[in-house]
Every structure is written in structure tokens, then in C-alpha cells.
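Both of the next two complexes hold chain A, though its partner changes from chain B to chain C.
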Partner chain A sequence: MTLPTRALYRVAAVAAILAVVWIFVPRFGTESNLINLLRQAFLLALVSTGVSLSMLVAGLDLSIGAVAALSSCLAATLIVQGYVGPGILAGLAIGALAGMLNGIMIAKLRLPFFIMTFSMMFIIRGLALTYTQGTSIHGFPRSFTWLGKSFLGPIPMPVVVGAVVLGLLHILLTKTTFGRITYAVGANAEAARFSGLAADRNLIQAYALSGVLASLSGLIYIARLNAADADLGMMWPLEGIAVAVIGGIAFSGGVGNILGLILGGIVMAVVGNCVNLLGLPARFQDFFIGFVIILVVLIDHVTQKRGKAVK
Partner chain B sequence: MKRTLSVTVLALVVVVGLAGGALAAKAPGETHVALVVKDLTNRFFVEMKWGGEAAGKQHGIKVTVLAPEKYAVDNQIRIMEDLIQKKVDAIVIVPIDGAGIVSGIERANKAKIPVFNLNTLATGGDVIGFAGIDHVQLGRIQGQWGVDTLKSKGNVVILEGTTGASSAIERQEGVTEMLKKAPGIKVLASTTAKYNRQQAMKVMEDLLTRFPEIDMVLCANDAMALGAKEAIKDARRKMAVLGIDAIPEALEAVQKGEMAGTVDSNGFDQGFVAVDLTAKYLLKDQKPPKDTKVGSGAASVITKANAADFEKAKAEKFKKFGIKVD
Partner chain C sequence: MRGGGLNDMARATSRIGSFLSGPVIIILGMILLFSLLSEGFFSASNAVNIIRQASVLALVAFGQTFVILLAGIDLSVGAVMGLTSCVTAQLMLSGQFHPILAALCGLATAALCGLTNGMVHSLLGLNPFVPTFGMWGMALGAALIITEERVLTGFPGTLRVLHDGEFVGLPAPLLLVAAIFLLLHLFLRATPHGVATYAIGGNEGAAKLSGIRVRLHKTAVYTFSGFMAGVAGILFLARSNAAQAIDTIGYEFDSIAAVVVGGTSLVGGRGGVAQTLAGVALIATLRNGLNMVGVNLYLQLVFIGLVLILAYVSENQDLARFLRHLRGRPAEAGATEA
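What follows is the complex of A and B.
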């Protein structure tokens, strides 16, 4: 079975979930809730981009939440003083630096990606806590908060930013050499190396990009919250993995379309939204998300097997 | 000449001090208590330090206040090890992590240095006593203000702390106890946002679409109140948002009218009570109670109307104990 048909299954499954929810959950279909949902979905998709890139190269970046916290806190210090542009650039640069460090250690020193990014998560979170000393940096100028709070017509700005970023990533992954090498390295790093592809450089680039995307997500979140603290993104690695898996990015690497993250984001946002709309205890959210992930992956496996049988 | 004079004065002070101390179990002037807090750049713990120093002054004992350079429990343990080497008479510890600090307390136990546990409960080791803020009372103050302000009628949403955390359970207990007394108040929803600003904003977004009419949001800490107020502002809705802890950012938001109020969780008195009880243990051999509950620093919610009074009352308290506020 070809990839487009599998993606079609996924879209159909999400559409079915939406239909059921629309009918049974009161106030789900209201305009304000749908806008709210769209914003949450695209923010989740954005958070997941870093994790997804690392998954595509058969790795995993667990440091994204910590990187987002540190870079956005440092950026916030500049932004509250009115240096919005330099603040944003500094934040993104820190993300790139942290990501690059991850990539170099993994590609050149062959450190297991889990150990490296897991340790990085603690180191960077520790740095963020040391930097903020448990306080928050707050009160940003409007020239920054519009990133998280404003609208383009009826569409919230985080949705616009998320869509643009996902679009660019899609082009990068499907139309460029970087993209082709990424999928090749993810499918089989050794084979890619033997066939003369710059696998190590690709790994470093992928992790650096993951860091930049984490920082960008962090910046949009602090613009929405109008404050930055070292607590930001504690759950992001796990949420990012959930979105990626539901969106069809394979853990084994080299498989998946980055646009699938939109579906993953929608599913995750809908589950959280419904739990709150129905007034269920918050623990149900975790419970349902676990279920949905298994269900989606199960459907994937079944359709994949059938595909092989037909071939 | 001058030097001789000061030496004489010093000698006199020492003699008087020793004479006074002879009456007690241990001389106050020779007694040294160390208070180890989580973080001295955070105003809350600075006020806790002032409280500890004030109690020390009252008993005439030496109080040293320390905090790790880095916000980590292992660094607190390292500080405790140094204090054991220096043979201080007692350690008052405010653990960054209640489970992580246990080995530090056990080391002090082995060296026979008494440990008093403040603010965050340690899960093991021998301590002479524990003191912490009365979370139930904080919740009651918030709930009572809600009932009074709404005149016993209205729609309320509660954002709870981390599920299972004792502070969250106790604050919630206090709030609901007060709200129950006013049957006209309807609790539309009570759900956790894990003491977290980001989480509170998301949960509030959903609750705003679910309930077209909300009059008040009661949050178990200020971080959640600050997240919720952003969601409300973005939805262009208006309702009273209350927090607990009186962190500087929340007091700022109260003054600006972005938050209706917050409840003081009183760092000063916590520090004072802990050092006071420890001093009594060392000097008068009085065993501290197992669990001392410290009351809020302000009997009511701190609102825009009384925020200035609250700051003034606090400043006066500091002045009374001769503390210089920077």
C-alpha cells in the first residue's frame, strides 16, 4: 500500500473522531471553541517538530522542553528591555547551539541519542533554573506578544506561524538534498554512510534544527503567557512524541510526513479539550491519550500488513 | 586608646553575656543555629531569612542563613556537611526536595546535631519538629473572600494544585469549606492545573468556552492565577481571579487590577517560628511540637484596596525587628 493511502486512513480516523465528538460533546462545535482548539493543535504540532525531526533520523530529542525554557528565559530578558528582535535571535541561537551540541556528541562521539539528549535535558533545565532563580520574567511589549496573542483575520497567530513552519519543513524534507539524506540516514545510517552520504553532518543539522524549533515554540508560548519561567515545557518531550506517533512519524526512523503532525496535534488537542468540556477529572486526559496512541499505531500496523499481503 | 576602649567594651559584653547565659541550659551567645533555605534570590526566602534572624536576635543567639548557589538538593546536602564540620548547634532545613534531603538529615543525626524541618516536609531522618504554613487557613481566607465579594451568589471555577500534593489537598479543603456555606455559589468546575502557569492557561481556555458565565476563578497558587488571567484577557472576558502566595509578580498584577487578589503565605513568620522553636529547644530544653502551623501574614485577601497597607504593615514588622529592607 502506498504512503498516500495510509495517510488517507489517518485523516479518515481523525475525521471520525471529530464527528463523534462534535455530536456528543456540548459546546464543542462553537466558533470560539474551534478557534481555541485550532490554536492548541498547532502549538502542539509546533512543539512536536523538533522531536519529529530527531525521530526521522532514527533518534530522539528529549531536551526540547528544557531548551525552550532556557532560550526563552534568556530571550525574555532582552525582550522586556525592548530589544525584541535581538531577543528572538538570541533565543533561536541558543536553541541551535544546544541542538548542535546534541548532534555532535551523537554523530561524532557516537553517544547513544537517548543518553545524550536525556542528560542535556537535565543540564539545560538546571541552567534555566539557575538563571531565573525560580522567578519569572514578565511584562513583554506588544511588539512581541502579538506572536502569541494576535489574529490574522479569524485565525490565531500561533496557527499562522505553525502552518508556515510546517510548510517550510515539508518543503525542506521532500524537495531538498537535506531531506533526502535525512530519510536515508533514518532508514539506515550505516548504509547511508557507506553510500557516501554526509550522514554525520546531516545528524548534526537535524538536531540543531530541532533545537531551533524548540526555541521558536518556547518564544511563541511565552508570548502567549506574557511571561517566561524555567518551568516551561516540562512535558514537551512526551507530548511531542505523542503528537509525532499519532501523526505517523515512525520511531524506527526514516518514515513519516511532517504534515502528519497537524493531525497529531488535532487529536491531542481534542482529547484535552473534551476532557475539560465534559468536566472529567484531568487524569482522564492522560488515560485517553494513552489509548488513542495505541489505537492509532494498531490501525497503522493492520493497514500496513494488509498492504503487504495485497502486494 | 580607642582600641583599648573597644577591647574593654568587648570584654565586658562577653562577661555579661556569659553571666546571663549561665542561667540557661546553654549560653545564648555561644549558640549557633544555621538556617538553610532553598534560594536567597527569591524574595519569599529572603523574608524567611529575616524572620529567622529576628528570632535569633530575640533569643540572643547567632543565626547564619545559607542557600545553595544552584537550586539543587545535593548542594543543600553539601551545605549541611559543611555545617556538621563546623559543629553548629542546630540546623533548620527548608528542603528543595523532601525525599532528596534525607541523607543530609541522617548525616546530621549521626553527628548528633539537632535538625528542625521547615516549610517542605522531609520524608525521612530524625527531626526535632516541623513547622509550615497552614494551607487550610490560606484556602479558607480565599474562599471566605469569594463568598463575601459575590454576596453568596455566583459562578465559581477552581484551579487546584498538583493532584496528590499535600499543600494542594489542604488549600482545596479550606476553599471548599467556605464555599459550601454559601449554597447560592455554584462551583462550575474544579480541576487541576498542576500549580503550573502554562497548564492553567490551557485549562482556562477550555473552561471559558464551556461556561459562558463565570464570576470568579479561585487558584491554589499565583502562577496558575497569572496563567488564567492571560487566557481571560485574550478571550476579552471579565472575572475576578485570585491566587495564593503573594509572589511579587502577583502583587504587581493586583495593583494593576489584572488580578483581584492573593493570599500571603508568610515567609517571615515561618522563618521566625522555626528558629524560635529551635532556640527554645537548645536554650531551655523545650521539645518543639511535632507539627506547628504558621498562620497567614494577612488575615484577609490582599486586594488593590489594601495592597499598600499590606506592604506597609510588613515594612513596620521588619522595622520592629531592626531589619534593613533593600
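What follows is the complex of A and C.
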């Protein structure tokens, strides 16, 4: 089955969920709620971009939350002193560096991605905590907090940033050599190597980009919270996986469209939002998200099977 | 013995050689280092401490080992541990259940979670990440719902004997872990089911063609992993004497790390519970040692990450290849391990 048809199924499924929720959940359709929902959805999609890139190359980047914490804490130090631009650049550079280290160890030294990124999660989180000593950094200038707090017309700035980033990533993955190699490496790294593709370089680039995206998400979060601390993003790897899986990125690598993350983000945000609006305690959220993950993938799996000729 | 002295010696040396795998060498090195740096580290009481600390991780990692041998993964174990301890604690608090009966109900819940994982994975053919991660959310959610996000305390201390008790001078958790370890080790080595586990992990198609009931076997293994998470959850409850849904979150990744650092391959079909025991011992010794030496709590995380990488490299990477890579020669054709 071609990808567009499958993507259409996914969009239709999410639209159906939204329609049902819109009808049955009171106050869901109000403007302020929808704007909140949109912001939440795009923040989740943004957090998930790093994990998704690593999943596309048949890996998994568990260090994204820690990388976001370290880079945003270091950036925050500069930003608080008024150096907004240099702060942001430094943050992104640290993300790139951490990601590149992941990539080099995985591609060149053949460490399993799990061991590498899991260990990296500890190392980077430890460095972040050592740096802040458990305190938080706050008091950012307006010129920085607009990244998280301001609006473009009625649209919150994180949504704009998220949309731009996802759009650029989509172009990068579908229209460039980097993108083609990424999918080839994810589908079969060995075959990609033997056909002369620079698979190792691609892996390093993908993990470096994952680090940059983690830092960017971190920066937007601290701009929104107006505070940076080393505990940022503890659950990001798991949340990112959830968004990616719902969005149609396959664990086995080489399959999935980055724009699917928007759907994944919307579904996750809607679940949280509905639990809230229905007056249920927040604790119901995890249960429903777990359920929705299996359900969505199951539906996808069934429709996919029907589309294929029986093997 | 007679006449075969040299042979015997060679065999013994090679056996010692295989015993001295990367993790074991690192553990011995750490013991030496920590003993020199800290006065209290090399003592019987601290050894008992390490064993008590390691026991919970060992139990959950044993279950994870079986799943990883099948080339699978179980992300739900941390949440299932929490659910088990919360169910058990809640039933004890209700006053209508004997603590042992409550624990059995907790174990049944855990096994049911595992069974669901196994059925969704093997019958529907979903990548194991998905059902087990979904189960992570559902088990965590269920635990939060039944406890109403509170910390459960004030139940009878009957189960504490599992963690605090002693039997012929040995700590109860050591005996529990040792007994389960021996059973599982023999099971993997000496029964057709154990061999089937390796066969499926090595080559699922071939295993199916040679008559192994792959789906049934997979379902059983995931059920077992859930069950072991349950046992670990009960032991965790016995240790902390309080139950909270989120206390055990993190064990899913800790257990995978322990299994892989020990030397079981994520690609499946290679490794075993003995390797896992080494991995668990490595992590527990490291954590305890860093504490005893008085390393800053935050810096401990950095050390743990570094040692995990080092342990894996020492176990799996040929040093020559390592150096060749560092000098920038092109990579040999070898799969990037999943």
C-alpha cells in the first residue's frame, strides 16, 4: 500500500477522534481550549523529532531529555546575562556535540544504540545537575521568552516554531540526499553500506541532528516556563516514543513520515485535554495513552495487512 | 586426571578465561579500587548491603533476559512492578486479605500484564516495543488510579521478611535470587524449552520450521517477564514498606542495561541469566561503591554512564578493532547491533 493512502487512514482516524471528542466533551471546542491543545500538540511533536530521527535510522535516542536539560541550563546562564543570541547558539551547539558523540560511538565503534544513548542519558543528566547543583535559573529577558510565550496573530509561538521545524525536517527527509540515505540506512544499514552509501556518516548526522532538535525543544520549554533546571525532560524519551509511534514512525527503522508527529502530538494532547475537561484526575491520562498507542498501531497494522498481498 | 594434566590445566585456564569476561574484570577492578578508597567498602555488612540493593534489579532483569534472548524487549516491567506493589499493598490495607494472598493477587496481576503483552505481540505480530510500551502506560495509569496517586503505608509488615529476613545466616533476598537464578540457568541450559528460547532468538523462521511452537513460546516468555516483574515488585514493597505507583519507573531501562552490559545480545539468541547476574552485580557494586567513596550524587550519574559504556566495550569490542577505528580506518562489514 502506498504511503499516502496509509497516511490518509491516519488523518481520517485522528479526525474521527476529534469529531467524537468535539461532540461529547463539553467546552472542548472553545477557542482558548483549542489554542491550548494546539500548543501542547506541537510541543509534543517537537520533543518527539529527535527520537523519531533516531528511530528512522533504526535506533533510539534515549538521551534527548538530558541533552535538553544540559544545553538549556548552559544557554540559560548566558541568556540571563542578556546574551540571547549567543546563548541559543551555545545551547544548540551542545546538543549537536552530544548527538555527534552518540553517533560516532554507534556508527564507528558499533556500540548498540541502547547502551550508548542510555549511558549518555546518565552522563549528560549528571553533568547538568552538577552544573546547576539542583537550583533553577530564571529571569529571562523578554527578547527570549517570546519564543515560548508570545502569539503570532491567534497562533502561539511554539506552534509556529514547531510547524517551521517539522516542515524543514520534512523537506530534508524527502527532498535531499541526506533524507534518502536516512531511509535506506534505517531499512537496512548493511545493504546501504554495501551499495556504497555513506551509512556511517549518515548515522552520525542523524544523531547530531537529534541532539540539536532536543536542545531546541529544551530552549522553547524554558522560554515558556521562564526557568531552566536540570530536571527538564525526564520523561521526554518515553513521551517522544509515544508520539512517534502514534504518528506512524516504525521501531524497525526506515518507515514513517515526520509530519505524522503532528497527528501523534494531537492525539496525545487530546487525551490529556479530555481527561482534564471531563473532570477526571490527571492520573487517568497514562492509562488512556497506553491504550491509545496499542489501538492506533493495531488499526494501522490491520489496514496495512489488508492492503498487502498475502505473503 | 592421570596423564591429562596439561589438558586439564588448559581446560581450566580457558574456563577461567571465559569466566573473566569484561564485566567480571571490571567488577573485580572496582572492588579493588573502592576497597582502597573507602574503609567500609570491603566488609561483610557492606556485601550484604550490595546484595539487598541488587536483588530487585536481578529479579526483573532475569525476566527481561528471556525476552531479549527472543530478540524482543519488554518496556512495561517498571510500571508492572509498581502496579504489583500497589495492588498488593491496597489488598493488605483492605484488611480482608492475608498478606500472602495479597502478594499472590499482585503476582497474578503482573502475570496477566505479561500475558497481554505476549498475546498482542505474538498473535497480532506487532513489534514488541509497541504493546509493552502501551502496557507501560496502562499499568502505570492503573496503579495511579487505584492508589489515587497516594503513597500507601501502614499495612502489616509480614512481607518484610523477604527483604530483611535471614536464613542460616544468609540474607533472604540472596537466597531468593540464588534459587531463582539456579532454576532459570538450568532451565535455559538443560530443557528443550530453554533451547527453544535460544533457537527462536537466533532465527525465528528456522525455529518455526523445526517444529517449535513459536507463538506459544513467545507468549509464555512475555508472561514470565511480567511475572518476574511482579516478584521484583513484591520484593521492592518488602524493602520500602510503602507502595507508590511511580517509585519503580526507570527499572525498564535499568533492567535492559543490566542484561546488555552483562553480555546478552539485543539481537537475540546469545547470552543468558549468568551474564545478567554479572551485569546486575556490576551496576550494584558501582552504585554502592560511589556512595561509599562519597562521590557527589550528581557526579555518580556521570560515572555510571561512563562505566556502562566501558563495560560494554570491554566485553564486546576487540581492542585492535577499537584502535583501528580510532585511527580512522574504514569499518569492517559488521552489523550495527540493534
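FYI, the second predicted complex is superposed on the first by the 309 of 311 C-alpha atoms of A that agree within 3 Å, B and C clash if a C-alpha of one lies under 4 Å from a C-alpha of the other, contacts with A are read in each partner's own complex, and residues count from 1 in each chain.
One rule holds in what follows: a contact is a pair of C-beta atoms (placed from the backbone, for glycine too) under 8 Å apart; a residue touches a chain by one contact, two chains touch by 3 or more.
Being a predicted model, the structure only gives us computed values, none of them experimental.
K.L.:
Fit or clash for chain B plus chain C once both are placed on chain A?
P.N.:
Result for chain B and chain C: clash.
K.L.:
For A:130, using the defined touch cut-off, is the partner it touches chain B, chain C, both, or neither? Pick first, second, both or neither.
P.N.:
A:130: touches chain B and chain C.
K.L.:
Answer with first, second, both or neither: which of chain B and chain C does A:14 touch in the superposed model?
P.N.:
A:14 contacts neither chain B nor chain C.
K.L.:
Under the stated touch criterion, name the partner, chain B or chain C, that contacts more residues in chain A.
P.N.:
So, of the two partners, C touches more residues of chain A.
K.L.:
Report for A:285: first if it touches chain B alone, second if chain C alone, otherwise both or neither.
P.N.:
Once the two structures are laid over each other on A, A:285 reaches chain C alone.
K.L.:
Once chain A of both complexes is superposed, is A:64 in touch with chain B (first), chain C (second), both, or neither?
P.N.:
The answer is neither, since A:64 touches no partner chain.
K.L.:
Tell me which partner A:118 touches in the superposition: chain B (first), chain C (second), both or neither.
P.N.:
second
K.L.:
Touch test for A:250: chain B only (first), chain C only (second), both, or neither?
P.N.:
Second partner only, chain C.
K.L.:
On the A-aligned overlay, A:297 touches which partner chain: chain B = first, chain C = second, or both, or neither?
P.N.:
The answer is second: A:297 touches chain C but not chain B.
K.L.:
State whether A:109 touches chain B only (first), chain C only (second), both chains, or neither.
P.N.:
In the superposition, A:109 touches chain C alone.
K.L.:
Which listed stretch of chain C (165-173, 219-227 or 291-299) steric-clashes with chain B in the superposition?
P.N.:
291-299
K.L.:
Going by the contact definition given at the top, which residues of chain A touch chain B in one complex and chain C in the other?
P.N.:
126, 129-130, 133-134, 281, 283
K.L.:
Give the list of chain C residues in touch with chain A in this complex.
P.N.:
Residues 120, 124-127, 129-131, 133-142, 144-145, 148-149, 253, 256-257, 260-261, 266, 296-306, 308-309, 312-313, 317, 322, 325, 331, 333-338 of chain C touch chain A in their complex.
K.L.:
Taking the complex as given, what residues does chain A use to touch chain B?
P.N.:
On the chain A side, the touching residues are 27, 30, 32-33, 36, 40, 126, 129-130, 133-136, 138, 149, 221, 224-227, 229, 231-234, 272-273, 276-277, 279, 281-283.
K.L.:
Flag every residue of chain B that touches chain A in the complex, lowest number first.
P.N.:
Where chain B meets chain A, its residues are 38-39, 41-42, 69-72, 163, 189, 191-192, 196-198, 201-203, 205-210, 223, 226-227, 230, 234-235, 248-249.
K.L.:
Going by the contact rule set out above, which residues of chain A touch chain C in the complex?
P.N.:
58, 62, 105-116, 118-127, 129-130, 133-134, 189-190, 193-194, 200, 203, 238, 241-242, 245, 250-252, 281, 283-291, 293-294, 297-298, 301
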